[in-house]
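Each structure below appears as structure tokens.
What follows is subunit A paired twice: with subunit B in the first complex and subunit C in the second.
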Partner chain A sequence: MSAHSTVRPGRRSPGAAVGTVARVLRWIAAVLGLPVALLALWWVLSADSETFYLPPLAEILAAFDDVWLRSDRLRADVLPSLLRLSAGFGLAVVLGVGLGVLIGSFRRVRAFCEPVLEFLRAVPPPVLVPVLMLFAGFGNTMKVLVVLSGCVWPILLNTVEGVRAVDEVLTDTCRCYGIRGPARLWHLVVRSASPQIVTGLRQALSVGIILMVISEMFAANNGLGFSIIQFQRTFAVTNMWTGILLLGLLGFLLAVLLRLFERRALHWYSGLRQFQRNDGHR
Partner chain B sequence: MNATGISPDGAGPLLDVRALRKVYTGRNRSVEAVRDLTFSVGAGDLVCVVGPSGAGKTTLLRCIAGLLAPTSGEVVLEGAAVQGPPPGMAVVFQEYGRSLFPWMTVQQNVELPLKQKKLPRARRLELVRNSLDAVGLGDVPAAYPWQLSGGMQQRVALARAVAYEPHILLMDEPFAAVDAQTRADLEDLVRSLWQRLGVTILFVTHDIDEAVYLGQRVLVLSSSPTVVLDDVAIDLPAERDQLGTRSSARFAELRAQVFGQVQRAKHQSGAPDHQSGAQGQPAGSRPADTGTGPETTEDRQPTDAGSR
Partner chain C sequence: MTPAATVPPPAATAPVPAGRSGGTGPRGGNALLGLLGFATFLAVLEVVPRSGLVSANYLPPTSRIAGALAELLGEGRFWTAVADTLRGWFLGLAIAVALGVVVGFVLGTVPVLREFTASTIEFLRPIPSVALIPLAVLLFGSELGSVLLLVVYAAFWQVLVQVLYGVRDVDPVARDTAYTFGLSRWTRIRHLLWPTALPYLLTGIRLAAAVALILAITAELIIGAPGLGNEINRAQSGGAVDSMYALIIVTGLLGVAVNGLARRLERAVLSWHPSVRGEETP
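And then the complex of A and B:
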């Protein structure tokens, strides 16, 4: 009797597990299919490469382990880079969303700020690096400021757009039910602008990674950008390529993290959109 | 008629609208939406406001709700002039899909205003549960509004209003966008909530049947610029049902009376109307049952009385 009752759930769960595993495998295949194919192509095409600047991928991958994992570089170079990026990105989120809510909420403020915003946004952040070096020196402050100066615009401008589009009926509803102050700001303004804010975050992240590297290439004594430029200057081309690969990998991982956050924070939005699409087809 | 709004039990008027006027001023022209509205609503009343489309019904409601400042005149709720949305008032909007927070569950939607009222958690949960049960949605607190049908979404909005424990509930064509069957159910729901909770309701609609079926009184508005054309007491029995009440003779009479007023309202506004006199035709020479025409309200009144 007891054996029977233990067998049944035992029999059922492997079947369910197989289904889940199959689904996960299919998902992995869909996600990694193209990258794997490109890497394979690179591998084959570069296999017999004699060119100094384009070593075979096999060599690059072999060096990857030594350069990054079996050394102190993860702690000494990758970690500082990531900290600078997160500090700059984090400040940009606070500043961009804060100012965006302010500018988006008041028509007067918007009219006042818009020309300046458009001008500042048009200035490519890398050209600010030398200027910021004058003010903030060569340390981490400069690098965080460079990342911030690039990340803040997409977040700010998208937030402004999102805040402007807050529904009037919902605004009236809040007024009627006495929802004001911080509660209104959070439950009405920020939440309804959140799809646009997340779009801004996604754009800002890619800008931020670029600026992190660039700021470290100008003046630094550690960091990913510094390492890559260092390898290049010492003609350690294979090592340089490993750095570029690592950079791409990090960018991918950060984008996945952001996607996970988006799925949690905006799951209502994707549901709503899907519902509206289905409704439209009916 | 009950034009003073003093309810039969002797309580004073809860809501007093005095000489309300609203002019929208644009860049180079102004539009007089509401000319002169005066009426009152007694505590515990269910008053329907009906008028042709574009009659300034929504303007009136927004002024009462404190969402819009009147050009002149005033709205007095419980003895205090309305300057902004008053605390004892809840509003149900027509656009149910846009008045619920799509990022909140049904439960959170109903609970948010209560949090703003700083009610303790236990009391909030009790109010949310009771009001959701009252509108027949006790089983979906974790659903998101967009997962529900239109009628159910409007029920959520209604539950939110009820949970807020308002003294007066304003409803702005709340069922205009739902199908007929759902609409009938929601009408009965409003009647039963009103009877159970004793809340005062001001219900704005363009649907004459709905106004007569729901209300104790029906205020008929003219087209814009708006004045009150008539204040019809609905002397149907308190227990109403869709089939019996709507097929009763009295319902048909009241409906016809309001219908005649609304038909006339389409052609007549608060603007001074000289045409009826200028026609040079004595009003009495026309067939008495012409629903529309240049007759004035005064000409029409005896006809209605005679048909009773």
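And then the complex of A and C:
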């Protein structure tokens, strides 16, 4: 990185305003075109579907309203699922970042723990459901623990990596200025590791949703996973499809939420990366 | 799962300052500490149930699990289950990789297609694959087809997204050079795009391999397709806690093996790439 390249290349060229409207229209077409086309295709192809497993989309959408919005299910099934997911995920964040900072900060601790962590991480999280059922029964505790047990590893290991790679110049600067204790942890260690931590969060979220659903499919009397499997077992295929749609929508929305959080929390990082990249091409 | 997911391999090594990653101590000391850590882990698991802190009915001591594991290794039924799991994993992964590469290159090389599919991909990707479980059950029952549906869906996105990243990462100078020399489309794909995208593809394969294993075992666990997951379920419902733990350990070992294999593949195929050759950052 040279000190001379502080000029960022301008992204907008002058005189581009003419095509702005056309460009916006094109963008809208690009974003909405294919999804709309696919949905239309699904709608048309399934319109007079006689196949038991593939009911017409029109029917599914009509049922969606009845099954999820007009009934008590949003409160009785979706809310408990989301609460379990957020409890497990939240605990995993606290535990993963806390332990990760601890393990990542001390080389010997890291060497001591690494093989065990590598092994525990490699255990596919769903197989822990039967184990946790032994310990915690079938209640909410079990489900929160299942989510926690799956989410904690990606967060923990990514935090360790991030803490390990803290810039040495920054570390020395902190030492020179006598920044230590909680201030050092928060402003130097956690901040430097935050890109990796967010990567861990993203992986943990997708694992967490999977585990939330699975733990409810195993043993539950409410929840999104429970409802979907119940529909399938009673051959309520249309209702089952609404459940699949809702679950997909939920996964998408949670991913968007995390992306928004990432954009806020890592604003400085994307700027830094872009700067470095431009720098590299000069 | 794996650290640094979605971060392409060259960038993933970038934040680590050169010369730091090895640590200051000798490598042998670290390995010894790691061994000690693992031994401690096993010892704790032996002592905790024996001291009565946790009932041995829930958490059998290590020695009993080891005994059960030894017993399992002598059973043909166990090896059939391992083979079933590995077959589902491998077939699913192979299909997902093939699909991901083809679709990724087609979308990546045709800008219009890429632009118009981006939103659809972003929407479909976070949909949790377990949402498809009821559909898989209805379509395929508890057969290999169910496993493949879940595995392929989960693993495909990992590969596709990495390939799309990779194809976009072509060095502008190299691209312009290729145009100047009038290379044909096929030659450009073979000698410009493929080597550029290869590191990303291998990262995608590594991530997909881990996800595929998780989903294969999940499918067996929940749907009851033959394999290790199904065996765990049987052991649990039959009250054979020892062999349940032994089977879980086997799945963990499989996970470790899959990770190791993927890393080795990466190193073998990318022996020419800077991220493997040394610490040189792009």
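FYI, the second predicted complex is superposed on the first by the 246 of 282 C-alpha atoms of A that agree within 3 Å, B and C clash if a C-alpha of one lies under 4 Å from a C-alpha of the other, contacts with A are read in each partner's own complex, and residues count from 1 in each chain.
FYI, a contact is a pair of C-beta atoms (placed from the backbone, for glycine too) under 8 Å apart; a residue touches a chain by one contact, two chains touch by 3 or more.
Owing to the predicted nature of the structure, the values given are computational and were not obtained by experimental measurement.
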item	value
Clash or fit (per the criteria above) of subunit B with subunit C on subunit A	fit
Partner chain in contact with A:A63 - subunit B first, subunit C second, else both or neither	neither
In the superposition, subunit B vs subunit C on subunit A residues touched	C
Which superposed partner A:L102 touches (first subunit B, second subunit C, both, neither)	neither
First (subunit B), second (subunit C), both or neither touched by A:L83	neither
A:A236 touches, of subunit B and subunit C: first, second, both or neither?	neither
Partner chain in contact with A:D167 - subunit B first, subunit C second, else both or neither	both
CA minimum distance (subunit B, subunit C), superposed complexes, angstrom	8
Subunit C-contacting residues of subunit A that also contact subunit B	167-168
Residue ranges of subunit A in contact with subunit B within the complex	167-170, 172-173, 175-180, 183, 187-188, 191-192, 194, 268-269, 271-272, 275-276
In the complex, subunit A residues that touch subunit C	29-35, 38, 53, 107-108, 111-116, 118-131, 133-135, 153-154, 157-158, 161, 164-165, 167-168, 195-196, 199-200, 202-203, 206-207, 209-210, 213-214, 217-218, 225, 228-229, 231-232, 237, 240, 243-244, 247-248, 251-252, 254-255, 280-281
Subunit A-facing residues of subunit C, complex	1-7, 15-17, 20-21, 23-25, 29-31, 33-38, 40-41, 57-59, 115-120, 123, 125-135, 137-139, 172, 210, 213-214, 217-218, 221-222, 229, 232-233, 236, 241, 244-245, 247-249, 251-256, 258-259, 282
Residue ranges of subunit B in contact with subunit A within the complex	65-67, 84-85, 87, 89-91, 93, 95, 98-99, 101-104, 112-113, 115-117, 144, 146-147, 160, 164
